[in-house]
Amino acid sequence: MAVFSGPERAYATYQDLIAAESSRPTGSRADFLTIATPNHTHFAIAQAAVGAGFDVVCEKPMTINVSEAQQLAVSVERRRVVFMVSHCYTGYPLLRQAREMVMQGELGQILAARVSYIQGGLWSLQPGQTPTRAAWKSDPAKAGPSGTIADIGTHAFNLLRFTTGLRPTEISSTLLRYHSSRPLDDYGHALIRFANGVVAMISVSQISHGRLNDFRLELDGTTGSLVWDQQSPDQLTVRRYGRPAHVYERNRRAEYLAESARSACRLPGGHPEGYLEAFANVYRDALDDMAKRAAGEPFAAGGSIYPNVYDGLEAVLFVQQCLASSENNGAWQTLQG
Amino acid sequence: MAVFSGPERAYATYQDLIAAESSRPTGSRADFLTIATPNHTHFAIAQAAVGAGFDVVCEKPMTINVSEAQQLAVSVERRRVVFMVSHCYTGYPLLRQAREMVMQGELGQILAARVSYIQGGLWSLQPGQTPTRAAWKSDPAKAGPSGTIADIGTHAFNLLRFTTGLRPTEISSTLLRYHSSRPLDDYGHALIRFANGVVAMISVSQISHGRLNDFRLELDGTTGSLVWDQQSPDQLTVRRYGRPAHVYERNRRAEYLAESARSACRLPGGHPEGYLEAFANVYRDALDDMAKRAAGEPFAAGGSIYPNVYDGLEAVLFVQQCLASSENNGAWQTLQG
Amino acid sequence: MAVFSGPERAYATYQDLIAAESSRPTGSRADFLTIATPNHTHFAIAQAAVGAGFDVVCEKPMTINVSEAQQLAVSVERRRVVFMVSHCYTGYPLLRQAREMVMQGELGQILAARVSYIQGGLWSLQPGQTPTRAAWKSDPAKAGPSGTIADIGTHAFNLLRFTTGLRPTEISSTLLRYHSSRPLDDYGHALIRFANGVVAMISVSQISHGRLNDFRLELDGTTGSLVWDQQSPDQLTVRRYGRPAHVYERNRRAEYLAESARSACRLPGGHPEGYLEAFANVYRDALDDMAKRAAGEPFAAGGSIYPNVYDGLEAVLFVQQCLASSENNGAWQTLQG
Amino acid sequence: MAVFSGPERAYATYQDLIAAESSRPTGSRADFLTIATPNHTHFAIAQAAVGAGFDVVCEKPMTINVSEAQQLAVSVERRRVVFMVSHCYTGYPLLRQAREMVMQGELGQILAARVSYIQGGLWSLQPGQTPTRAAWKSDPAKAGPSGTIADIGTHAFNLLRFTTGLRPTEISSTLLRYHSSRPLDDYGHALIRFANGVVAMISVSQISHGRLNDFRLELDGTTGSLVWDQQSPDQLTVRRYGRPAHVYERNRRAEYLAESARSACRLPGGHPEGYLEAFANVYRDALDDMAKRAAGEPFAAGGSIYPNVYDGLEAVLFVQQCLASSENNGAWQTLQG
């Protein structure tokens, strides 16, 4: 793609942007729109962009309620645009390996999962202090009805869906608010039931002192288990009873890795990669679809490896039902949309 | 203490043992009884031993129901014997350090806790196969009504109580049974509420392939957090926002460690200690009390650092209420005995 | 900087490139030249580029002998260009933190250092097989007289210099060749003496099965020690006798980090960064100097934080004296250029 | 064995002890003597004990010079007693696994090894201060001519011999003395050559701030490599090019472990074991031989798995030649006794 920038491509409003870019000829028109604004504005911007036929990359949570998310999914279906939601962790090569192993049955049948995302950033604030960055995250009018579950719980939920492919049926959640700087949940647990008695526990925190971005996945299957942790993203530990633990390492030449994992590696193994490369991998897959769409070719839409509008919708439903459950003392809520 | 052994001190039944040892003169009489039999026999043996005035070390779960546990506590109070329950992890020096830091307010007010105990041993069995060791653990008539929650969940619960001192109020639990070799729970989660909105999540598994004894504690307080993991028991990581993580290491000479932690260290720091030393530390503390009792001196009884009959009772109540909650779809149950 | 590319800017030879780009007006002329060709060509290309007044980024080893390196240093001095050598590890934020701590005396006086760089890549080859990538690395005519010591030993040497600032005086080295695919050293140790009895050990391997890029630094000072490992590049462990170990983590907001470390951080702490960001940090510092030079302002030249022509020269001398020592059964060789 | 103790078995001198115990009848006589006195006394006590026909467990270094060590070996051969030297690390189950894997050719031909033992204990002392414990270690008249190389370098050397079985031919060493409290070496490197171009590097320190007992072994073979570290003694990492790293874990039931490793495990896998169990394993093997000798059966003598008098002699020769090399600017010294 050619690169265009400069003051004439910076617009006062998203409406201006969409109008002006829509009127440009193919070739100099913006290829796609990235929406990285406060949560409450995602829906209107995304609807306008999709309506104008633009491909979209949208931050999570996709919208602040399920109704908006459903409408957006309808629009995306109608206009047949590429729509990616920024669940960036799905780009880590070894999470793609985990997904592939589950899909290929290498862990047998999945029985249980545990996902935790532990942060401590709220302690940067004094009681009552407004953060200088992302202040809107503390304002329910802009962040939506949830704090931590929307902010990082959606990543945990998406990762669970991404790696297991299992369809959730219901959820029981307890959310808490400990820190005084934000009138929204900042800690919580959500227990998810899937068909066949499978359960997954999601635990999230933004009040754990000194923890940075401790995002961890554990899967248990009938023939193997695995553990991945963002603090050592280039390793995936796979265990089977009675055998040595196997540590898979990010390495584009490792024949033991699945093709989807290998192709997500950039550097020689052992030279650490991180969050930016993972994010770029997700973008790259969405851009591949955008290129196909631009060429009039069929593209993935609903079944993409990158998180799409349906993943976005599911995550918004997850947030809503966590809140509903927590407000009802943990009563089970459906997750079937 | 003098050491006596030999065939004449081995008895056919516990009744014989208690009768014969009771009739021996002080000095050659057994100092205390250790009960490491299948769960369903703990109560009768313990009652007889306590009734005969013996100090007791009892495996966990202390009994297979709350009623028995309560009766036993009454007996212990009445006879004023020393009664230790084998929650051996409380002997790890760095868990004693954790407890001390919480008690001294070094983490501020505790807000939340996460404890997980993940094992995979059930996969040693083929479907329907009876284990050669501890076969009774798969027999509800002998193990009691719970499998994993009683076997290792009680350790997790005890560790939570040991390190935080917080009083639980209610519990919501979901237990599962995945493996076909045992008609009892082998996986589960329990969310515990304490006063003041504090919550703790306990997660246990015996079906996680290749996981051995991954026992992990995370505590979040208003001024600090900590993490301990049995896989590196000689380290305790303490974090505060905006500061480097501090790794406390087992070291009897480290002045930064609390006295209760230092005195539980045996070897020079860096020479790994493990489970046996932890267990021995708990025994040592109970034996100190036994020596005091033998000398007619006051001893700790209810407020001991080693797990006592009340800790045993609490853990049995925890198991019972986990089962009750799980059978009622996760409905909250009281934990106030 | 503006970005120019296209077939008209691709040249058949470096001479063509330099001639053509030199004749372009400022603004559309290449800003600098990156030399990432086989080792034996670095010198001629660099000399031509410097002679034409271009700033240069040159792969390591800078040249294949000391004489060339010295001539190049003279040229750089004469033309006053910016010259960076690609010792990319110096861009890791926590290695900059290490350097800063040493410079500020936070470890006291440095006494000793150990640096190891362990790889296993040669086992990708069958005996006698020529690698498909970087085949020239196995050809002494192109790689120069050394294999592993030039390839990764120079990184180890540079890191030692970067973090300690100490001036080496002499070296004793033993190099070995184990793998049959390459007629050059693939394993070795080098013991370096500095003034005041300080020693550093460098250990390198390219024949350690399954090891990827295990680059590790340990420094011992009179009041503290530190350890850094590329396998967890976002952590730096600092220890002082009698205190908990301190783990410094990459975090642009951490006030406990030096400014030079913080400014080398891009993402929020806990989102892993890696090799590419480190490399980019080194480039950024060199580009800052290039911008200053372009503006006629003074720039760092010899005293830069990025590795410069003198660092390149030192590393080439290091390689030469390792070879000389090894050929003389480990006899000490001077490192004073 | 029966256990005897009490004041009547405590003696004023070793001569008294040997004389008195020798005169006791079999059955109540001491089974063996453990020598854990300052280094300079080992020889005389050991000679007397062996001369009187006692089996012996002797601390390392076995003697303070080679001549004594040779005489002692002759005595042991003559009297056919069991003689164990306390290189306790050889009892770690996963180091026995490493040895077994090397012996079975699972790493192919060993090419290179790196062993480091890093401590920081000397910083407990102020300059000139005499330690309260093991003060004799700072007194050359009692410790012998070496400090750190004798104290922990011998462990490193023994571990190398234990795991590889390779016969060393010559050594080049550089020893340093940094800390003012002790007039003996406290830091050093030793490069050992074996037949066939194999080399091993030993690095030792007692001046690395805050490091406790970081004892680490790395072996490189033609078909695999391995790493073991005392800080996680229950794991052994084995790597082969192009395959996931395999982490072997201490587990008496793991069929993938060698019998010699499994039989050295006590607890279920995942319950940490440590230094005491390792030490006990070495004792147990020596006691097995003592029991055989007592029964008039053949026993291992020179070819034992526990370190014996020849291992003790080799280690003393290693110390002597390190000193000789270091005093001669690193000149190679023979290690062939």
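Note that the chains are named A, B, C and D in the order they appear, and that numbering of residues resets to 1 at the start of each chain.
Note that contacts are C-beta pairs under 8 Å (C-beta built on N, C-alpha and C of every residue); 3 or more make two chains touch, one makes a residue touch a chain.
Model, not experiment: these values are computed from the prediction.
Peer 1: Please identify which chain has its centre, taken as the mean of its CA atoms, farthest from the centre of chain A.
Peer 2: That would be chain D.
Peer 1: Counting C-beta pairs in contact, which chain pair has more, A-C or A-D?
Peer 2: A-C
Peer 1: How many angstrom lie between the centres of chain A and chain C, each centre taken as the mean Cα position?
Peer 2: Each chain reduced to its C-alpha mean, chain A and chain C end up 37 Å apart.
Peer 1: When the C-alpha atoms of chain A and chain B are each averaged to a single point, how far apart are the two points in Å?
Peer 2: 39
Peer 1: Return the distance between the CA-based centres of chain A and chain D, expressed in whole Å.
Peer 2: The mean C-alpha positions of chain A and chain D differ by 53 Å.
Peer 1: By the touch rule stated above, which residues of chain C touch at least two different other chains?
Peer 2: Those would be 124, 211, 242-243, 245, 249, 253.
Peer 1: In the complex, go through chain B and note every residue touching chain C.
Peer 2: Answer in residue numbers: 237-238, 242-249, 253-256.
Peer 1: Note which residues of chain D are touching chain C in the complex, please.
Peer 2: 107, 111-112, 114, 116, 118, 120, 123-124, 172, 174, 176, 178, 187, 189, 191, 197, 199, 201, 203, 205, 207-211, 218, 220-221, 223-225, 239-243, 245, 329-330, 332
Peer 1: Touching residues of chain C toward chain A in the complex: what are they?
Peer 2: Within the complex, chain C contacts chain A at residues 3, 119, 121, 124, 211-214, 230-233, 249, 251, 253, 266-277.
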